[in-house]
Amino acid sequence: MAGAALSTDEGPKVPYYRPIHREVEVFDHAFRNQLALMIKGPTGCGKSRFVEAMAATVERPLVTVACHDDTSATDLLGRYLVQGGDTVWQDGPLTRAVRQGAILYLDEIVEAREDVVVVLHSLTDHRRQIFLDRLNETLTAPPEFMLAISFNPGYQRGFKELKPSTRQRFVGLSFQYPEPAVEAEIVAQESGVEPAMARRLVTFVTKARNLEEFGLNATASTRLLAHAGRLIRTGMPARLACRVGVIEPLTDDADIRAALQDTADLIL
Amino acid sequence: MAGAALSTDEGPKVPYYRPIHREVEVFDHAFRNQLALMIKGPTGCGKSRFVEAMAATVERPLVTVACHDDTSATDLLGRYLVQGGDTVWQDGPLTRAVRQGAILYLDEIVEAREDVVVVLHSLTDHRRQIFLDRLNETLTAPPEFMLAISFNPGYQRGFKELKPSTRQRFVGLSFQYPEPAVEAEIVAQESGVEPAMARRLVTFVTKARNLEEFGLNATASTRLLAHAGRLIRTGMPARLACRVGVIEPLTDDADIRAALQDTADLIL
Amino acid sequence: MAGAALSTDEGPKVPYYRPIHREVEVFDHAFRNQLALMIKGPTGCGKSRFVEAMAATVERPLVTVACHDDTSATDLLGRYLVQGGDTVWQDGPLTRAVRQGAILYLDEIVEAREDVVVVLHSLTDHRRQIFLDRLNETLTAPPEFMLAISFNPGYQRGFKELKPSTRQRFVGLSFQYPEPAVEAEIVAQESGVEPAMARRLVTFVTKARNLEEFGLNATASTRLLAHAGRLIRTGMPARLACRVGVIEPLTDDADIRAALQDTADLIL
Amino acid sequence: MAGAALSTDEGPKVPYYRPIHREVEVFDHAFRNQLALMIKGPTGCGKSRFVEAMAATVERPLVTVACHDDTSATDLLGRYLVQGGDTVWQDGPLTRAVRQGAILYLDEIVEAREDVVVVLHSLTDHRRQIFLDRLNETLTAPPEFMLAISFNPGYQRGFKELKPSTRQRFVGLSFQYPEPAVEAEIVAQESGVEPAMARRLVTFVTKARNLEEFGLNATASTRLLAHAGRLIRTGMPARLACRVGVIEPLTDDADIRAALQDTADLIL
Amino acid sequence: MAGAALSTDEGPKVPYYRPIHREVEVFDHAFRNQLALMIKGPTGCGKSRFVEAMAATVERPLVTVACHDDTSATDLLGRYLVQGGDTVWQDGPLTRAVRQGAILYLDEIVEAREDVVVVLHSLTDHRRQIFLDRLNETLTAPPEFMLAISFNPGYQRGFKELKPSTRQRFVGLSFQYPEPAVEAEIVAQESGVEPAMARRLVTFVTKARNLEEFGLNATASTRLLAHAGRLIRTGMPARLACRVGVIEPLTDDADIRAALQDTADLIL
Amino acid sequence: MAGAALSTDEGPKVPYYRPIHREVEVFDHAFRNQLALMIKGPTGCGKSRFVEAMAATVERPLVTVACHDDTSATDLLGRYLVQGGDTVWQDGPLTRAVRQGAILYLDEIVEAREDVVVVLHSLTDHRRQIFLDRLNETLTAPPEFMLAISFNPGYQRGFKELKPSTRQRFVGLSFQYPEPAVEAEIVAQESGVEPAMARRLVTFVTKARNLEEFGLNATASTRLLAHAGRLIRTGMPARLACRVGVIEPLTDDADIRAALQDTADLIL
């Protein structure tokens, strides 16, 4: 698998994924060593899509959980539900993933409540177990089960963080936005615009990302370019598509929006 | 649809809406591309009415949720209710909207709890899915389903904000109060006052909006002018209507109210 | 109705209310236009009594809710109660008021939880609806339904406030304490003391209200004067009645109480 | 009743109470006028005992609630209890007191949650009603029902306070510790020590109360003297009784305790 | 009983307790006068053991509750439990203690929630009652019931405190660590080490307690010495026993531990 | 047992553990004296593995609980569960451990809620008991039951701490990372890499740990080296293995990662 492009003829289940550096090789080794994987990177840089592609490649089901600040251990492990008078146990996504030997992907893990993180501890050391106290049952993960987590280290840095005792249970990968040529290839593929237009969109966003004096608390993601591309493909003028597809989602500041629009108007 | 006035003869279901700029065109492209829409703008500038008009135009039902700081994912997705001894599942508004292929409008989304926002993630990327864990059911949105959200970026700016990873899932539109002539047209239409009186009310509110030294934390909305117009139409003196319909709702500060009343007395 | 004194011979249901300015006229127009009403004013100035009188005048039942910081939307809308094994839906006061076409009066609305305020939104725009999610039922208010809210803008100003997007859904009225002659008339009526004693009580309280250097966080209400009046009518010496009926309820500060008692002793 | 000593021969139900000033007269007028009473004063100065004595005098049952920061409206009004499979409504103390026409005494009302305070509003104006939403029942208080509340204005002043809109519904009384001769009489009566020893205990505590430089956040109550008296009566040396009965309960500061013990040793 | 050593031949139920000052006499008088007792003192100085010994001496059962910041009135009073389909009332420890006429000992009372403290009010004045609202039952404590509470005034002083209105319901006792000779006697008795070794351990800990510059937020308790003694008795070298039995539990600061170990090495 | 290497031929149940100093001797004495054990040390230094090895050596089952900030006494003691209509009591891990005479290991105890800590009090003094209030049952721990707790004193020092009254109930042990030769032995054993590579990995991490100016809030654990070793054993280049196995898990700071990578590149 290592290094090969993942968008092959293997059928509809492997989504388009364009490898950037050595992330496929790292996933492959972590998977073979039954080590958990921690993926860091800015919003919309392709972390989720990478995990989707890897799960398809190793032919394991993918279970994704988008964590938020009320995500609790119970949400992940399961609970008894009262349904029509009967009390029925329902596996949570983590339990389901362990039983199936799936890839479990916890997106934005730093948002979750701390009891979620602690549940992962026995799953990420030599035990590879979870204890379902409500069922009084200990589940051991099969070799093909893998845990992957992700977060954006540049967002609210220092506020919410994984504790060292959690971090040091993972192999780590840092994602960045791809090089312009690669990004243009992705935008064209995902939106259907002409390669020339995709390159112009990337030229615009690259300029925008470099304007650090803007004081934006986020940079424009590849996803935004794909949105603009799709609007252009259905006939929207490129400058308007850039405004509503990229600039408005990026910021509410009128001055920054004007500056970005000027930049867009020059290039498009 | 693009550019045409929406208040047509198509029947009573399409409400009065006066397009201001290119917002109809943007909605149209977003709808066709199955992209979610984020509408920003001050209070009472017509965001909700715009969505209502668009839903009528594309002939989809509209499901509106006014978010507040206890709005949770469960509120949107649904819950089991105990009714007369039986336990019955009840779809929340989001689930209902997805099943019906409706336009789902989340007003003041920034007020909602963060678990609401996270639920929207899988609905606003290529998956277009929600997972109902209580039913163990995954729903995929039909092509005609569309999500629209709104918020007022000028209110408590910087306090409560959508995370970049959420914002960058939307196409964005900024609303402003309309030009005086357009606003007078709207006021006359909504309140039934004479055009001349509507213009005088707009003259008053335009002056008030420009008096930035007032330190008001809000500007007078078009809705307030329509209220004043309705009071005038039933016979209330214009100056009193301006006081109770516009000035009192705007502020509790006695000095500012006096200054605004002076301005109103001059014009009306 | 407009302008006429409300304490007529129509029977025992119309309580004594002495109009101060043009508040009756404003209520009348708001009611006829199906606009909601926001009443601002200090404690004990007659806001609640005004609403009571207006409800009697327009011959609608009055439903009053004193809001506090745990008042929730569920409290207003209704809930399922388990009663004797059965689960029974019980309308909350808001739902009851909408069904009956009553005047719904939310006293001290700024204290309520924010979900209460949001429920009012669909009720105070052109929709005039509430959605009872537990019953999956949408109720449209009949024309005779009216919502009135009140708060004291001088108490903890700036701390808890209605959002502009809520305020701008209401017609506004500011109440103040009445002129001395009017206030004496009210005190005599409500307590049964002689007009001369009522005037002396008002003279005292007017002086007290003007002593702004006292740093009181409230001013003496007309209600306090009526209390003192009632104590005097049953034989309590006027100075003692002033102390326990007006001064002690006003403040715990020993120095201010002494100064107020001196003032009272001079006048009474 | 007014002015007479309350510790009469009427039987064992009227507890010992020694009137200090005109509080009995004020209670009497408030009771006859159906006005609620607010009693302020330091800890252990006899507020609760006063209410007990007044309730016995007017021959009404007394219902006492010691409020704390989790006391809620439900605690006072009542709730449905599940008992042996059945659901039974149980009146709370406030409801019970209204039904019985009792004296309801809410001790340390400022500690209670705000929903408690709001429940009192309709009970303390001309309506004299409470609404039991769970029973959908409105109770009107009989004329013999009376509400009395108490708090200590010197403790944490400015932190937790009744709102003016609540305070101005009550007639107010301020309690202080009694004059030395009266206090000695009370101590002798309550503890059984000889009058001479009671006077010496009061001499000690009067000195201690005047030592304001101690920075104590409370002053020694009459109750503490009665405790010391009881310990002396069973044979404990007076200085030790003063230490464990008065000084240790007053403060944990070693220096202040030593100074107070020196004072006690001189006098006793 | 007064003054006599409590470790008598009365059988196994009276635990070893070595009186330090006059605490036995104070307990005796408080018990006879039906007054509640407040015991203050640092951790591990023998407060709990004193209460245990006193309960055995007066031949009453002892009910101990270690309070924490979630201890609520319900925890102390009792609750309905659903057990096997039936709803069964279960007395809490306070209720049980009142019914049995036991000694109720609330350890670290300042940690408990405020509703716990308020429940104690009616139990600690002339009423000696608790009201079980769920059972609608008032319990009066028998004469042999006694309440004792304890806290450590030196720990987080000023942060969490009993209110004066609570403190002044108790007779107070201050505990300190015993004199060296007495402490050595206790250590030898509790651990089984030779008296000479017990004296050396006390010499060490006395030095450590005097080293105030260490900035420790606690001093070494007699309990720690007993632990070290037990480790020595089973053969652990004295210096290692001092490190793991006394120094490590005392602090995590490496420098302070080194200084304390040096002190220990010199003495042992 | 004392001093001997624990990785013997006794069967598969005794895990690999390499004693560092005298910790085995301390455990042995604490176990024989029925004293509880407190283990302090940085993340990934082998605390959990030590307890696992000790439990196997004394042939007692091990019950491990990873504490987090919602871990409550109920979680540890047990609860009634509704299962298929029946209500069934389920022992929590603490209760189970006491019944079995197991070793109970509470990892990261300082994270748990305070009610957990209080439950441990009666278990860690001469009583060795827990009271199950829901079952109205007192359990006395058998002699072979032992409690061990752990925490990392270097993480968020001063923020969350055990109270002195809790700490002083334990015998204490401080763990550090092992000496380089010992650590290399452990890494080789756990990962399967050649001893030479293990030594180079330890050389790298020792340098990294000494670079205090990095301002890292954690140091690299032995576990991270074992991860890197495993990746190398399956063919990943050593420098990449060091990056994804050690450096990325350690920090998100780009500059520190670059410096650490430079160090790794020099050594590997």
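To keep things simple, chains are lettered A, B, C, D, E and F as they appear, and every chain counts its residues starting from 1.
As a convention for this text, contacts are C-beta pairs under 8 Å (C-beta built on N, C-alpha and C of every residue); 3 or more make two chains touch, one makes a residue touch a chain.
If you're wondering where the values come from, they're calculated on a predicted model, not measured in any experiment.
Peer 1: Average the CA atoms of each chain to get its centre, and name the chain whose centre is farthest from that of chain F.
Peer 2: C
Peer 1: For the copies chain D and chain E, give the interface type as same if over half of its residue numbers appear on both sides, and as different if under half do.
Peer 2: Mostly different residues.
Peer 1: Give me the superposition rotation angle from chain D to chain F, based on Cα atoms, as a multiple of 5 degrees.
Peer 2: 120
Peer 1: Centroid from C-alpha atoms only, then distance chain E to chain F, rounded to Å. What do you get?
Peer 2: Computed from C-alpha means, the inter-chain centre distance equals 31 Å.
Peer 1: Using CA atom averages as chain centres, what separation in Å is found between chain B and chain D?
Peer 2: The mean C-alpha positions of chain B and chain D differ by 54 Å.
Peer 1: What's the distance between the Cα centroids of chain A and chain D, rounded to whole Å?
Peer 2: Computed value for the inter-centroid distance: 62 Å.
Peer 1: At what distance in angstrom does the C-alpha mean of chain C lie from that of chain A?
Peer 2: Inter-chain centre distance comes to 54 Å.
Peer 1: Can you list the residues of chain B that touch 2 or more other chains?
Peer 2: none
Peer 1: Line, ring, star, complete or other: which one describes how these chains touch?
Peer 2: Contact pattern: a closed ring, each chain touching exactly two others.
Peer 1: Flag every residue of chain A that touches chain F in the complex, lowest number first.
Peer 2: Answer in residue numbers: 22, 25-26, 29-30, 32-33, 35, 38, 40, 72, 80, 85-87, 113-115, 117-119, 121-122, 125, 133-134, 136, 153, 157, 163-165, 167-174.
Peer 1: Going by the contact rule at the top, pick out the chain B residues touching chain C in the complex.
Peer 2: 43-44, 48, 64, 66-71, 75, 81-85, 90, 92-93, 107-108, 111, 152, 155, 217-218, 220-221, 223-224, 227, 230-231, 234-236, 240-241, 244-245, 247-250, 252, 257
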